[in-house]
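Pasting the structures in now, so scroll down.
Two complexes, one shared chain (subunit A), two partners (subunit B, subunit C).
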Partner chain A sequence: MKTTRTLAAVLAAGVLMITACSSKPSGGDGVTDTTAAKGLPVAGATLKYDPNTLVNDGKPIHLDWWAWGNIPQIQAFADAYQKIHPNVDITVVNQPWDDYWTKLPLQLQGPKGPAIFNIHNSQHDNVIKYMAPYDIPVDQLAADYLNAKSHVIDGKIYYLDLGLMSGAIYYNKDMWAAAGLTDADIPATWDQFREVAKKLTVKDGAKLKQAGFNFNSSFSAFQAGMAYQLGQNMFAADGTTPTVDNPANRQVIQRFLQIYADGSGSKDFGTEATTSFGQGQTAMVYAWGWYEGTLRSQFPAIKFGVFRTPVPTAGATPYAYDRYNGESTVGINKNAPADQQAAAQDFLKFYLTDKADMKALDLSLGVFPAYKPLADDPEIKADPALQAYGDISRYIWPGTVPSTFEDNFTKMWQDILYNKVDPAKALTTAQQKIAADLAGKNFTSAEKLYPAYAPSN
Partner chain B sequence: MTTTESAQPVAASVRPPAGSRRTPAAHGERPLRLVVVTTVTVAILALVAWPIVAALLGSLHDWNPLNGTYRWVGTANYRRLFADPVFWTSSVNTVVFMAGAIIGRVVLGMALAYAVHSSLTRVRTLHRTLLYLPTVTPLVAVAYVWRLMYNPQFGAVNSILGLDVNWLYDSRFALPAVMVMTIWKDFGFGVILYLAGLYALPADVLEAAQVDGAGAWARFRRVIWPMLRPTTLFVVVTSMIGYLQAFVQVFVLTDGGPGDSTSLLPYLIYQQAFVKYNFGYASAAAFVLFVATAALTVLSFRAQRGPWRGKAQ
Partner chain C sequence: MRRRIASICLNTGLLAVSAVTIFPFVWMLMSSFKNADEIASVDQHLLPRVWTLANYRSIQEHFDVVRLFGNSLLLSVAITGIAVYTSLLGGYVFGKYRFRGRGPLFALVLATMMIPWAVVLIPRYTMFTGAGLQDSYASIIIPAAISSFGIFLMRQSMDNVPDEVLEAARIDGASELYIFHRIVAPLSVNAISALAIFQFLWVWEDYLWPYLMLTTPSKQVLAVGLTTFSGQYSTDYGGLFAATTVSIIPVVIVYVIFQKRFVAGAASAAVKG
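Then we have the complex of A and B:
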C-alpha cells in the first residue's frame, strides 16, 4: 500500500513537472482585447505602425521569441507591444549562442518552432529556408533602413540590418593621461599610432608591465578590414574568388608586427587583448562595437575612449576605413500556424518603428543604427564607439562572409606569432584553406554594392 | 598454483553437463531469456549499430541537417579528408597525446598505487581518497582552473617554476601542457586499478621472493610487475579508447591552437560538424576514428592473448 502511494506521488509529481515545463498554449494568457481604437499615435517615418487595431481579432494568442543575448532590451519590445495588445502574449526565450544555431534550425523544421527569432547573418544559409518574407513593401523598408536593398531576395526581404558595426581603437583614458597625452595626440595615421603606442608602454627593466597596444587573439577582427584601407578587396572582381595572398595583407601583417617589434606589445603579454584591456594591463586595443557593451558590463572600472582606426596616409580618405557587418532584425517562422504568423507580422511593424526600444538595442549592441530616424539622435551621436565610426558610408560590407576567413586569419596569425611561420607562407596557406572551404558554397561577395567600389585582384 | 588448482573443480561443478540445455528449469526460463535477449539486441541495434551505420551513410553525403541538405557524394568526403593537412596534423597530435597521457597514467598510477599500498594502513584510505579526487572532479572545471594556472602573466605554473613561458600559445609547450593537465586529472583512475591489482597479488609468492633474498626493486621487477600486466593492459586499453575521444581539454584550453598544434581528431570533428556544419565531412572523420579505435582495441585484446597473458601468469 505504501509502495503504491509512493508510486502515485512520484507519478503525480512527474505529471506536474511535465506540465510546468511544456510550452504555453497558443492562446497565451487568455486575455481578450476588445478595444481597437486605443487613442495612440501612429508610429514610424515611411513605414508606419498604427497601434489602433485589433491583433488576431482581439482573441488571445501566444508567440515565442528566441534570442541569444541582450534579453532586457528584447524584453522591452515585447513588454511595450503587449501593453498595446494585451491579448498577445510574447515569451522571450533566451537560448545561449553556443546552442542556438543547432537548436533553432532543427526546431524550425517542425510546427512548434518559435514564431519570432533573432538571427545572425553569418547563419543565413541555415535559417533562410524556414523564414517567411516580411509583409512590408521593400521600398518602405529601404526608405527607413540603411542597406535594406542588399537584403532583397527575389523581390522580398526576410530580415535586414538593425544596426551596423565595425572596428575602432579603444584606449584607456587614465593611461593616456598618465603618459601625458591629450586629445590632440589621437593618432590619424598608423605611423602616429606606433609612436603613441610607445609612449603608452610601461616596462620594468626588460619586462613588459603595460602594453601600449595589444592585438593577441583579436587577429581575425582587423586583418580583412585593414587591407581595405590599402584598396584591397576580399574578393576578386568575379565576387567569388577570395584574395588573401596579396601585398596589402602582407603590409597589414608587417605593420602590426612592427608594433610588437618596437616593444609596445608582446605575443606573450595578455593572452587575449580585450581581456587584457579590461584588466587594466593594456592601453589600446582594436575591437568592434560589441566591446563597448562588454566593457560597461564586465569591466565597469575602466575609463575608456574610442577613436577611429588610423589610416596609412595623413589627410587622405582611404578606399574604405574598414569592413562592417550588421546585427540583424528578427525572422518570422514560415512553419508557424497562420494566426501566429499574422500576429508576428504585426509585431514586426511595431518593432521596426519603435524608436525608443530600437535605440536602446542599438546602444547595447554598440551598433550604428540602420533605422534612419535615429541617425541624429543625441544619445547615438554621443556614444564613443558610434562616434568613432564617423561616416559609416566609407565602410564596406563584403556580405555575410563565411567564417572560414576569420578562422583562417586566426590560425595564420597564431602560426606567425607562435609557430614562427614566415608571414608570406602563412598567407599562402590561409589563401589555400579559405579557397578550399569556399568551394561549393556558392558565396558571392556584396563588395560591388559599395558606392566607391573598385575591383582589385 | 593453489588458486589455479582449486578453481578447476569449482568451475567444473557449476558448468552444466553436456546435453543438459533442455532441463525443465531452463525450459521454464526460456520466455524470459527471449525477452531479455530481444530487448538487449534491439537496444544495441538502436543505440550502437544504427548510429554507426548512420555515420557511415552520412559520410557519403554532403550533409547538413540544419538546412536539410543530404546529397550523395560517394567517397568525396574521404578523399578530401585524406588530402587535408589538418586531418593528418590532428591524427599525429592524437597519437602523441594518447601515448603521452597513457604513459603518464600508467607510470604515475602504478608508482602512487605502490606507494599507497606500502604506506601505513591508517592513512591508506586518506591517501586513496586524495589521489582519486581529481578523477571525480568535472573535466570542464579542471580545464578552466588549469587555463588560469597556465596564464603567462599571473598563472601558478610560471610562479612555482620561476619560468616565463606562454604555455598554451607556444606550440612547443601547448600539447604537452594539455597532456599534463589530462594526466593530473586521470592518474587517480590508474591508482585505484593498480591498488586493486596489488591487493589481489598472492601474498605467498611475494613472501617466497622475499625469503629467496629478492630486494624491493627485484621483487617489483620480477614478481609484481609481471603479475600486474593484466591490470596494465586494462588501463592501457581503456585509456586508449578514452584518449582517442579527448575533446573537452582542447576545447577549453587551446581551441586547437596555436595554429593546429593541439587539434585532436574529436576537436576536428566538432569543428567540422558544429562550427562549419560540414556534417558529411565530420562523419567521414568520425568513421575513420571509429575504425582506428576498433582496430587498436582488437590489437590490444590480441596482445592480451599473447605474450602479455603468458608472462602475467
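Then we have the complex of A and C:
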C-alpha cells in the first residue's frame, strides 16, 4: 500500500511538473523594444521593408510558425527578424507532412492556431478560407515575384510562389565517365538521349547490371510535362476540359517505351527510379528539384550532375520545356488575434524581402527563385539542378492541378508496363477517368497565363 | 522417443518463427548504427561496415527527445494506471453484481469497441476544444481513462474470483471497497498484467490524437516526434531507426516485467465466459 501511494505521489508530481511547463503566453518572452530607429537599411526592390519601426508598439508578442520541413532555413528567417525586433518571439514548430493537413485546418478554425503557417498549393482548397490576404499591393508583389499575378483572388494575394520546381535529368558522373562520355555528350534531343542511355547501360550477358535510364515509379512526374514539349496543353482552350488522349501523349509514351525496348532499362530493374539511382544501379533518371536535396542527404556517395530534359528537335525551342509547380510562401491566419495578425503581416514583408534567407531556402528546396532579385545570383546560377532549367520563362504552370492527373498517369503506366495494356487503350482509359473526376470540381487551368500560350485540343 | 522428436520439431519451428519476428527489429537496431549510404545500399549487411552514432546524435536536432520521451512515459504510465483501475472496477461490477439491465449495458460497452476511431475523431476534437482542453494532458488522459476492451477483459477474468470468497468476506464485515482492493484485485493480477501491457502499448504508440490535441512542442509525445523524420519527399531512415530504437525501450521493459502474467491473463480472457 505504501509503495502504491509513493508511486501515485511520484506520478502526480510528474504531471504537475510537466503541466507547469505550459505553452508560451501571447506576450512571448516578455522583451520590450523601445528603439524604433535602429539605423538599419531598408530592404527590398519594389516591395520595401523598413526595419526602423516598432512592431506591436514594442510590446512583447509571441507568434507560432508551423512548417513541415527545411526547418533550419525557416528558423533563419525567424532569428533574423527577432534580432531586429526583440519583442517579437517566433517559435518555429516542425510538423509531420502527412497529418499537418489534418491538423492545420482544424487549428485555423479557432483563435489558437498558428499566426503564420507554411502551405502547399496542392492544399489550396483545404486552407484558403482560413487565410488573411497579404497586406501588400498586388503590383508590388508582381514586380518582385515571378508569376505573382496567377495567385490573385478577387484582387488580393493570400500566398504566392517563393520558388519554381520542375524536372530535369540527373546523371551519375562516375558512370558517365566510365562509359567514356564527356560534357560534350550531354544530349539535347530525345534521340541523342536514347543513344547515351545505351552507352550507359551495363549488362552481364542478358542480365541488366546498370540501367542507362530508369523511369519506374516516376511516371506521373514526367507524363504531363513532356506533352508540353510537343505543343500539347493539359487542358483544352476552355481551361476546364482535360486533354489527355492525344497524339502528343502517345508519342511521349512510345518514346519512353523505346528506351526500355532498347534494353537501356527495365520495368523490373530498380522499381523506384530515384532510389535505384541513389543506390548506384541506374545512370540517369528524370526527377524534380527536390531530388537534389534527397541525393545530398540520403545518398551522399553518389556524384551527380543535372542537365535539362531533352527536347524533340535539336536547336528548336519547344512550346515549353516542361511544367513547373511552385513552393509557396507563408500564409497568415485570419482567425489569429489582431495583434498577432498585425505582427505577422510585418514579418511577411521582412520575409519577402530577406534576400539572403530566401536564397538559402530556395537552394534547400531545389527551386528556382521566384524572387526576381535572386535570378542572377551566382550561387543560384551555380546550383546544378537550378542551372539545368535554363530559361524558366519557357516552363508552364497549369495551376494547382487536381491529383487525378498524377493518380491516373501512374495507373496508366502501371497498366502499360506491368499489365500489358495497349498504350492507346490505357491513355483512353486515363482520359475518361480524369474527365469523370474533374466533372465535379471547379477547376480552371492557369495555362492561359503562360506568355507563349497557344490553345490545343 | 517420438514425443522427443515432436518436441524438437515444435521448438525448432517456434525458434524459426521467433527469428522471423525478431529479425526486423534486429535489422532496425543494426541499421541505426549505419550511415545513409549503407542504409540505402543495394549490397546489404546486417552488421554496419562503419559503426556510427551520428543517427542518435541527429535525433536531438529533430526534437527534444528526452523531453518527449518523458512526456510519453508519463502519459503512458498515468493512462495505463487509470484505465486498468477503471477496467477492473467495471469488470468487477459486470462480473459479480446482479442488477437490472446488466446485459444490455455490457453489450453497450462492447458496442463502443465496434465504432471506428476515425468516425469519432473530429466530433471528439470539437468537443475537447470547446471544453478548453486543447493543449492539455487532460485531453489525452480523459478519453483513454475508460477502456471498453479493458472492461471486457476484466469481466472475463472475474470467473477466477470465487463468489464464495467474496461472500465470506462480506460475512466477516468487509466493505465493498475493501473486497475490491484486497481480494478482487490481487486475484486478477494476471488479467491486470495483460491489460497493462496492451494499454501501455496503445498509449505509447498513439500518434494522431496527441498530435491533434497538443500544440506546444515541449508537450508533444515521442510518437509525434518520430514522424518528423518523414518529409514531403523523403525519409531520414537513419534518424528514424535510431529514434524508434530508443522509443521501444520502455515497451520492452514493460513486457519483460509483465510477461509471465501476460500469457495467463490473456488466456483467461480468451477461454472464460
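Here are a few things to note about the model shown:
Following the convention adopted for this analysis, the second predicted complex is superposed on the first by the 437 of 457 C-alpha atoms of A that agree within 3 Å, B and C clash if a C-alpha of one lies under 4 Å from a C-alpha of the other, contacts with A are read in each partner's own complex, and residues count from 1 in each chain.
The definition used in the following text is that contacts are C-beta pairs under 8 Å (C-beta built on N, C-alpha and C of every residue); 3 or more make two chains touch, one makes a residue touch a chain.
Keep in mind that what you see is a predicted model, and the values were worked out from it rather than measured.
By the document's definition of touching, neither partner reaches A:T317: not subunit B, not subunit C.
In the superposition on chain A, A:T241 makes contact with neither subunit B nor subunit C. Legend: residue contacts after superposition of the two complexes on their common chain; A:Q258 is shown touching neither subunit B nor subunit C. Legend: residue contacts after superposition of the two complexes on their common chain; A:W68 is shown touching subunit C, with no touch to subunit B. Legend: residue contacts after superposition of the two complexes on their common chain; A:L106 is shown touching both subunit B and subunit C. Once the two complexes are overlaid on the shared chain, A:N52 sits clear of subunit B and of subunit C alike. For subunit A, the partner touching the most residues, choosing from subunit B and subunit C, is C. Judged by the touch definition given at the top, the superposed model places A:Q298 against subunit C, while subunit B stays out of reach.
By the document's definition of touching, both partners, subunit B and subunit C, reach A:Q281. Taken together, the two complexes place residues 102, 106, 281 of subunit A in contact with subunit B and also with subunit C. Interface of subunit A with subunit C (complex): residues 11, 14-15, 18-19, 21-24, 64, 68-69, 91, 93-99, 102-103, 106-107, 110, 112, 120, 275, 278-281, 290-291, 293-294, 297-301. Every residue of subunit A that touches subunit B in the complex is listed here, in rising order: 101-102, 105-106, 109, 125-127, 129, 267-271, 281, 403-404, 407, 410-411, 414-415, 417-419, 421, 437, 440. Subunit C meets subunit A in the complex at residues 36-37, 40-42, 62-63, 70-71, 74, 77-78, 81, 122, 125, 129, 134-137, 208, 211-212, 215-219, 224, 227-228, 230-234, 236-237. On the side of subunit B, the complex with subunit A involves touching residues 62, 64-68, 151-153, 164, 166, 168-171, 257-261, 274-277.
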